[in-house]
């Protein structure tokens, strides 16, 4: 078991390096020497110093090496446009809020979606099943900004129950989390229902019933455990979706997360910020996938032995 | 096995094993069969019809409409739906009915275009990887794993930044570059499964060349999966475009896509929600239909549920 | 008093395409310590019979429309689900055809065995584990105590089937139903599993119902045999009597004794290929269901009436208009059972 975990962790490192590399190359394509492009006139001497300090004129592979070193020592470099701010600062002030939003949305999706899917599967082909699935499909298709605007319109504006923007008290946090979590919730519901239906047909479920086990145990242990495996696999990419979907939600609800920063930085050619944020996001996605893989290994013992 | 035998065994013990996707498919029966099953599935049939209606609307409405979609007229701004303007007008006084149709053209063009690009890249990559197998396959898949680590939206955003401009074509490219991975994986999986089948071995045994095997045996059987993949990728791309435009990184005015229209509508939605609701509902409808169609196709083409 | 008594059981499946009459009238009684073999080709209703006894048929499409299953003075078909759960595993146990898919791949053997024990007996986990190890020993799994916490995918097919048997025996049931226990196994392993079943049956003094399509299997192990075809019982007799003098043309074909098909004598339990297919059970013909494939079908009653199941000799029932003893002209040489 431990060997399995170590192996999986080991493999994420090259993946990480490749990701950083890709981002790095892409960023360089956007091109230009940001120092020269900024509106602030910088004296020539200072400019040269800055360039030397940030290795701007070094060959690309050296820049890459410096950058990787920076990533692993948690130094993502300074912002190239906003004087006096490090990427790390930006990250520290804004990132946690985005993560918080993402986590709440994920929890909402999980807590509501999984039971919904289970009920639909257990009441297969009844009106419960049909309506649950119809609702799920609709929620899955509707873009989150529509959900957000509708929620704001009805719940915040008309009913006045919660504020319409900001991110300070818990009341602020409900609507954005729900808006972001709707799509994933629908996904979970459909997924769980699908896998449960399939699992319920399996021979080993019949064996479990033939042993006289109480139905609750049959479903709760045998069926659920095996049904959740594909759900766990989907959870990884879902996290990626939530993170990227948060940009839009942050915009609508005026949440000071990294979304706005990201977009602005691109327009400003503040490429160290963009790069830093992208790498950070990638790291999170990769880590999420890692956790998912490990969870998968825990749930399905067959994969532990089969992996190369 | 008799019809009754198959039914009884299936009902008694359930389809626990892997699907018999390796059986050679009689081409003529497959499509006729599938079409029949597809139309019998009410949700999918309705969704397909709605899809076609929306397509027609986007193509025809701008020609049929008496209003100039670009004509700014503040006197008519922000009207609610009426006979004259079935969807109302936006904040610039432009008829939303016409604009939605035009926006639909752009959104769908990007959608289909990107999807086709995704398919192209995905199929080639996946087919090569699966067909060659071994180390090459391993390497290609690991690279894919690394690519998975790049979050979708940021990747698309950066690609756009690299290209430098945001118009229909660049959006297509950016979105497809960011999302071909899943298709590649699916195709590779299919090719791997089919490769091991007896009739492929038979073809190899009589000395058929690799491109013949690929073209004649493997790809046609993947066709079903590909068609389904189209309708699965389409929503993602359309939503992606919507998100990008919504953040402001998409199509620039006066051209509009649904996402861009939603973004314009955002500023006035408190007083005039129609402007954001209309394009959002349009997006949701298209995505919903695509999902149902994909589900319907999957049921219709799934060899597992095909009896006799 | 017999251990199990099945009276005129009818199980139908109500599907969108129609009502599938999977089991159309089967009756038998089983005594303690005896083995009943149910033989027939795929789809004849033998598995559905077993599942009906256990109440494991999928309830939405399937339903026991009439008949009774009497065990220990109770009619199982009338019992509510919770009571049935008490009977399953504890009184009547069942093992299935495919050991690869019949065990939960994500749970250890230990859990799958002990959960059965602890469901029916109130014992602490340690004691259940001890019993589990004893059971694995009994079914001849080497190094049982080490392997208790292994997962099913680490075992071979034959071993998994033994594990299934161990699970089935864990609560000392009085009746064991084995649905094609050896079909999915290699030939070499089949014999050992059958031997194991026989030994265990004797030791635990259980009744057994053995379901198979293989005549050789029942010849070895069964005391009485029921031959099923298209949902109905077509012949029912003791093993000795069945092999000595098979009556129904279908049984003869199964035993390879029909002169037209093959000129030889009895082949050891190999199913002879009989041309044709069983009828669709959605709207079965009112006539004899075997008629389309029967070599003896005449222009008489077979095509119009369903022959009754009648007692031709003591303890030997046949559903045919042309049982071998009533056929003129074709002489059947006397045979000893295989």
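We call the chains A, B and C, going by the order they appear; numbering starts again at 1 in every chain.
Here is the rule we go by: a residue touches a chain if its C-beta (ideal position, glycine included) is under 8 Å from a C-beta of that chain, and two chains touch if they have at least 3 such contacts.
If you're wondering where the values come from, they're calculated on a predicted model, not measured in any experiment.
Colleague: Taking the mean of all protein CA atoms as the centre, name the chain whose own CA mean is closest to it.
Modeller: The most central chain here turns out to be B.
Colleague: Using only Cα atoms to place each chain's centre, name the chain farthest from chain A.
Modeller: Farthest from chain A by mean C-alpha position: C.
Colleague: Based only on mean CA positions, could you tell me how far chain A sits from chain B in angstrom?
Modeller: Distance between chain centres: 22 Å.
Colleague: Which integer distance in Å separates the CA centroid of chain B from that of chain C?
Modeller: 50
Colleague: Mind checking the centre-to-centre distance between chain A and chain C? Centres are C-alpha means, answer in whole Å.
Modeller: 53
Colleague: Can you list the chain C residues in contact with two or more other chains?
Modeller: 96, 98, 101
Colleague: Chain B: which residues touch two or more other chains?
Modeller: 13, 16
Colleague: Quick check: what residues of chain A touch more than one other chain, meaning two or more?
Modeller: Each of 202-203, 206 in chain A touches at least two other chains.
Colleague: Could you please specify the touching residues of chain C with respect to chain A in the complex?
Modeller: Residues 54, 56, 60, 81, 85-90, 93-94, 96, 98, 101-107, 115-116, 119-120, 151, 153-154, 164, 167, 171.
Colleague: Going by the contact rule at the top, pick out the chain A residues touching chain C in the complex.
Modeller: 125, 202-204, 206-215, 217, 221-222, 225-226, 229, 299-302, 305
Colleague: Considering the complex alone, what residue numbers of chain B touch chain A?
Modeller: Per the stated touch rule, the residues are 13-16, 142-143, 145-154, 157-159, 161-162, 235, 239, 242-243, 246-249, 262, 266, 269-270, 273, 276-277, 280-281, 283-285, 287-288, 291-292.
Colleague: Over in the complex, which chain A residues touch chain B? Could you list them?
Modeller: 14-16, 18-19, 22-23, 26-27, 29-30, 137-138, 140-143, 145-146, 149-150, 153, 157, 201-203, 206, 237, 240-241, 243-245, 247-248, 251-252, 259, 262-263, 266, 274, 277-278, 281-282, 285-286, 289
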